[in-house]
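Note that subunit A is present in both complexes that follow, paired respectively with subunit B and with subunit C.
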Partner chain A sequence: MTTSGRTEARSSGMAVWKAVLLMLPAALLSSLTWLGNLMGGDIDPLIVVALVASWLGFTVLFVLMLTTGKTYRYRSIMFILTAIALPLDFIPYMVETYGSMMLADDVMFSGGASFCPLTMPMIIIPALVKGVVIFPGEILPGTAKGAFSIMFILWVGASLAVGRGWCSWGCFYGGWDELFSRIRKKPLIKHKQIDSRWRYLPFAVLLAIVLLSAITFSPIYCEWLCPFKAVTEFQAPSSVLAVMQITIFALLFIGLVVVLPLLTKRRIQCGLFCPFGAMQSFLNKINIFEVRIDLEKCTQCKKCIRECPTFSLDESSLESGKPLMTCTKCAQCVDTCPQGAISYHIKGTPLKANPTVAKVLFLYPAYILLMFLGAGSVAAALYRILMLVTTGSMLH
Partner chain B sequence: MEKIRPVLGYIMAVFSCLISAAILPAIAMLSEPFITATGLTISPNYSGGEVVQTIDHGAYETHVHRMVFDDVLIGERKEGFIQVDWTPLDALPARIDEEIDADGDGQADFRIEVDTTTKEAMLTPYASWVLELEGAYRPKDFFLVRVHLKNPAR
Partner chain C sequence: MLAWATGSLLAGAAGYEGLLIGIAYVGLSVLLLVAVLRKKAPSGSCAFEGARVTLNRWPAFLPIGMGFLVGLNICPPLLLAFTGAVSSGSLLGSLIFFLAFFLGTSVYFVPIPFLGVFRRVSALQIVGKFAAVIVALYYLYAGILLLAGGVL
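Right, the complex of A and B next:
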């Protein structure tokens, strides 16, 4: 081996060790969480296998993220797995608890619907004015999968920790959109063919659902517009209105989450429709992390604009050195910039400060969030699959 | 100031890591205190509102909820509902026939007859503001009816 070969091998070995050391706290934290899960009662060997497998998988992906510089690729795998895992566990849970994934009025009146963070924008005004939560779920954890208190604390914590980064690191639905946006190699509808004014739609949807929910005292988005009802729970088709709602959920899922992402290679639901994402754009102001473009290094090749999956970069970004407020910190532009001009940045620090430090400091809270939400879902789904293989049923 | 800002930035970045790691413990530890402190409840539109009268029948109980007209942001609706439920489900007789005082004035305002096995129910209004039966439901551990009312105060 030549001297330069030895130096190269030594430095790559150092990088791996550095990554392993960096990964250790996160791995310890996640193993503590799952050990806590196992302490709950009788230990089913299938649960142990599912937890260990998901723990190992997520830890390896985090190490790869730290060592290879391909943050987007490995985040994307975890993010997509999380989204696919959610219904694999949630739908069997619904069948076990209520007999189907449809919620009858009986279940609604007993608080059986599960909260998700997407309800938050609609809940705020009635909660502030009247002290009530306009959702047929539970305030504190009980029978349903997600109670209001869980989702509220999760939402506040995630907003502080990663801001709009929630949409690429925490959201347990966004992976569906991302999955379909990554299937084709080239888009059939190019980004230039999409009118940039569509980017305002999520803010219009946000305003509309906040006002309409406050007026009608019901969660309008959950009742009429959420595409992810198609893969979780929805109201039983007991009336013409309910049938209309279910049809809209299915059409929105097919249109916004499957077909348009396939055609455009963009996360259409996340970038052009989701009102929760729009709200997170405002809350991102309280978060310390951002993505910045070094204008001295930038050659204006515009690859980042073409590649951004959430329409968060445009010509103005290349002038200001900042992506638009809708940036979900997914790392696609960071990884693809041929000049290495785009990096994570900590607000208040000099732009030329060490980007690796900023990246690691961002990846830590982002990964912990993804690990808490995603690895739990993946373990639960894996457990259901193992049950199916060993007993022939996904149900308890 | 120029030296303090980067230091604050890095402190906040580390703080973000700690917040992220603290989310799960915070959910376990802060859920109840948070709800107690804010006094938040599920909208009466779904929960039926607070129970104002409990009638003990020995094996089972009747819960009469308050009349709900306030499931709007400001003021009250012209029409609303009252929820009456019976619990526990497995102790209920096949047939319940009960007179209910909805407004708490000591006078029965309607009579409700329900078949707890078939979910069939019949309403006999006594007061003019009792309009019709909205529905009879059987969630996991109780049986409930909702009666459509006109707001007597409007």
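Right, the complex of A and C next:
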């Protein structure tokens, strides 16, 4: 072996050790989360298999993220897995507990629905004015899956840690959008054909639902617009009103989450409709992590604008060196920029500061968020699948 | 308070309050949709073009006449909000309704007190227009349901 060959081998060996050392704290932290699921009761061997397999899978993907420079690809795999896993576990749970994923009115209004983070913008004004939480889910942990108090603490922590990064790392619905946006190789509707004014729609939806919810004391978005009821739970079609609501959310799911992402290769629901994402955009302002463009390296090829899945880059971004406030920090632009001009950055530090350090410091809270919100579902879904294979049923 | 008082008055009209509010919802939400979706801003138009021409011939009446016409100018969001507040059924409900109305319309009004500073922020106007369409559709649907038999 030549001297240069030996040097290369040594440096690649160092890189692997570095990655292992970087990954260790995350692997230990995540193992605690998975071990928590084993506490109490008899340990089913299938649960152990599901937990170990999902823990190993996530850890390997995190190592790949750290070592290969393909953050977007491996984030996307984890993100899509968590989105698919949620209904795989949640729907059987609903069937076991309530007999169906359709909730009767009395169950819905007695707090049988599980609390969802998307309700956060709507509950603030009624909670301040009347001291009531208008979503019928539980406030403290109980029988339902996920309570308001837990979700609120998670949301505050996650918003401080990653800002709108929530939408590409924490949201357990966004993966559906991302899945369908990645199926086609080329878009049938190109980004230039989409009027840029649609980017303001999520802010309008946010404004409208916050005000209408304050006026009507009901979670308007959940009742009328949320497409993700298609993969969780919804009100039984016991009245004309409920039938209308089911029709609307089903059409929104098909249109915004399936068809339009397929045609445009963009996350249409996340980028052009979701009011929670709009609210998170404001929280991007108080988050220390951001994505920056080095204007000295940038050749204005505009590949980043064409590739951004959430419409968060435009011509003005290439002038200012920053994406728009709607950036979800998904790393697509970071990975695809041919000049390596786009990187994660910590606010207040020089732009030329080591981007690898900023990336690692961002990836840690982002990965931990993804793990806390999604890894449990992945393990549980895997367990249900193993149950199906071994017993022929996904139900207990 | 006026909205609450009107609501209390309507409550006396047994059997008809749903119908009246339903008609108002449908009519005013359609008006709001028209106001938002037409290309020219409502503030730049005049409902009584003939009257304006006549007033122009008699300059002495112009300020009074224009003031009167401004008073007649229909503001669909305000009327829709008033109708909504009427149907809220309580003084607190009416007050919250107009608080929400104030917050919502502030998106439109922000450019006025800071002329020259915020006028260029067309984003706010786009957001305001989109939000107005969503609210109008919501009330249109609510009005249709009220007219159809009070399902909502």
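Please note the rule applied: the second predicted complex is superposed on the first by the 395 of 396 C-alpha atoms of A that agree within 3 Å, B and C clash if a C-alpha of one lies under 4 Å from a C-alpha of the other, contacts with A are read in each partner's own complex, and residues count from 1 in each chain.
As a convention for this text, a contact is a pair of C-beta atoms (placed from the backbone, for glycine too) under 8 Å apart; a residue touches a chain by one contact, two chains touch by 3 or more.
In this text, all values refer to a predicted model and were calculated from it rather than measured experimentally.
Novice: Counting residues of subunit A touched by each partner, does subunit B or subunit C come out ahead?
Specialist: B
Novice: Is A:A19 contacted by the first partner subunit B, the second partner subunit C, both or neither?
Specialist: neither
Novice: May I ask you to decide whether A:L179 touches subunit B, subunit C, both, or neither, giving the answer as first, second, both or neither?
Specialist: Touch status of A:L179: no partner.
Novice: For A:A204 in the superposed arrangement: first (subunit B), second (subunit C), both or neither?
Specialist: second
Novice: Just to be sure I read the superposition right, which of the two partners does A:L154 touch: subunit B = first, subunit C = second, or both, or neither?
Specialist: A:L154 sits against subunit B, while subunit C stays out of touch.
Novice: In the overlaid three-chain picture, which partner chain does A:L241 touch, first (subunit B) or second (subunit C), both, or neither?
Specialist: The answer is second: A:L241 touches subunit C but not subunit B.
Novice: Could you tell me if A:I215 is touching subunit B, subunit C, both of them or neither one (first, second, both, neither)?
Specialist: A:I215 sits against subunit B and subunit C alike.
Novice: Touching A:L361 in the superposition: subunit B (first), subunit C (second), both, neither?
Specialist: first
Novice: By the touch definition at the top of the document, which applies to A:V129: first (subunit B), second (subunit C), both, or neither?
Specialist: A:V129 contacts both subunit B and subunit C.
Novice: Pick out the shared contact residues on subunit A: the ones touching subunit B in one complex and subunit C in the other.
Specialist: 125, 129, 214-215
Novice: Touching residues of subunit A toward subunit B in the complex: what are they?
Specialist: 29, 33, 105-112, 125-127, 129-141, 143, 147-150, 152-154, 157-158, 160-162, 214-215, 217-218, 287-289, 346-350, 353, 358, 361-362, 364-366, 368-369, 372
Novice: So in the complex, which bits of subunit A are touching subunit C?
Specialist: 125, 129, 197, 200-201, 203-205, 207-208, 211-212, 214-215, 220, 224, 239-241
Novice: Please give the residue numbers of subunit B that touch subunit A in the complex, ascending.
Specialist: 5-6, 8-10, 12-17, 19-24, 26-27, 30-32, 34-35, 38-48, 70-74, 135, 137-142, 144
Novice: Can you list the residues on subunit C that touch subunit A in the complex?
Specialist: 84, 88, 96-97, 99-101, 103-104, 107, 123, 126-131, 133-135, 138, 145, 151-152
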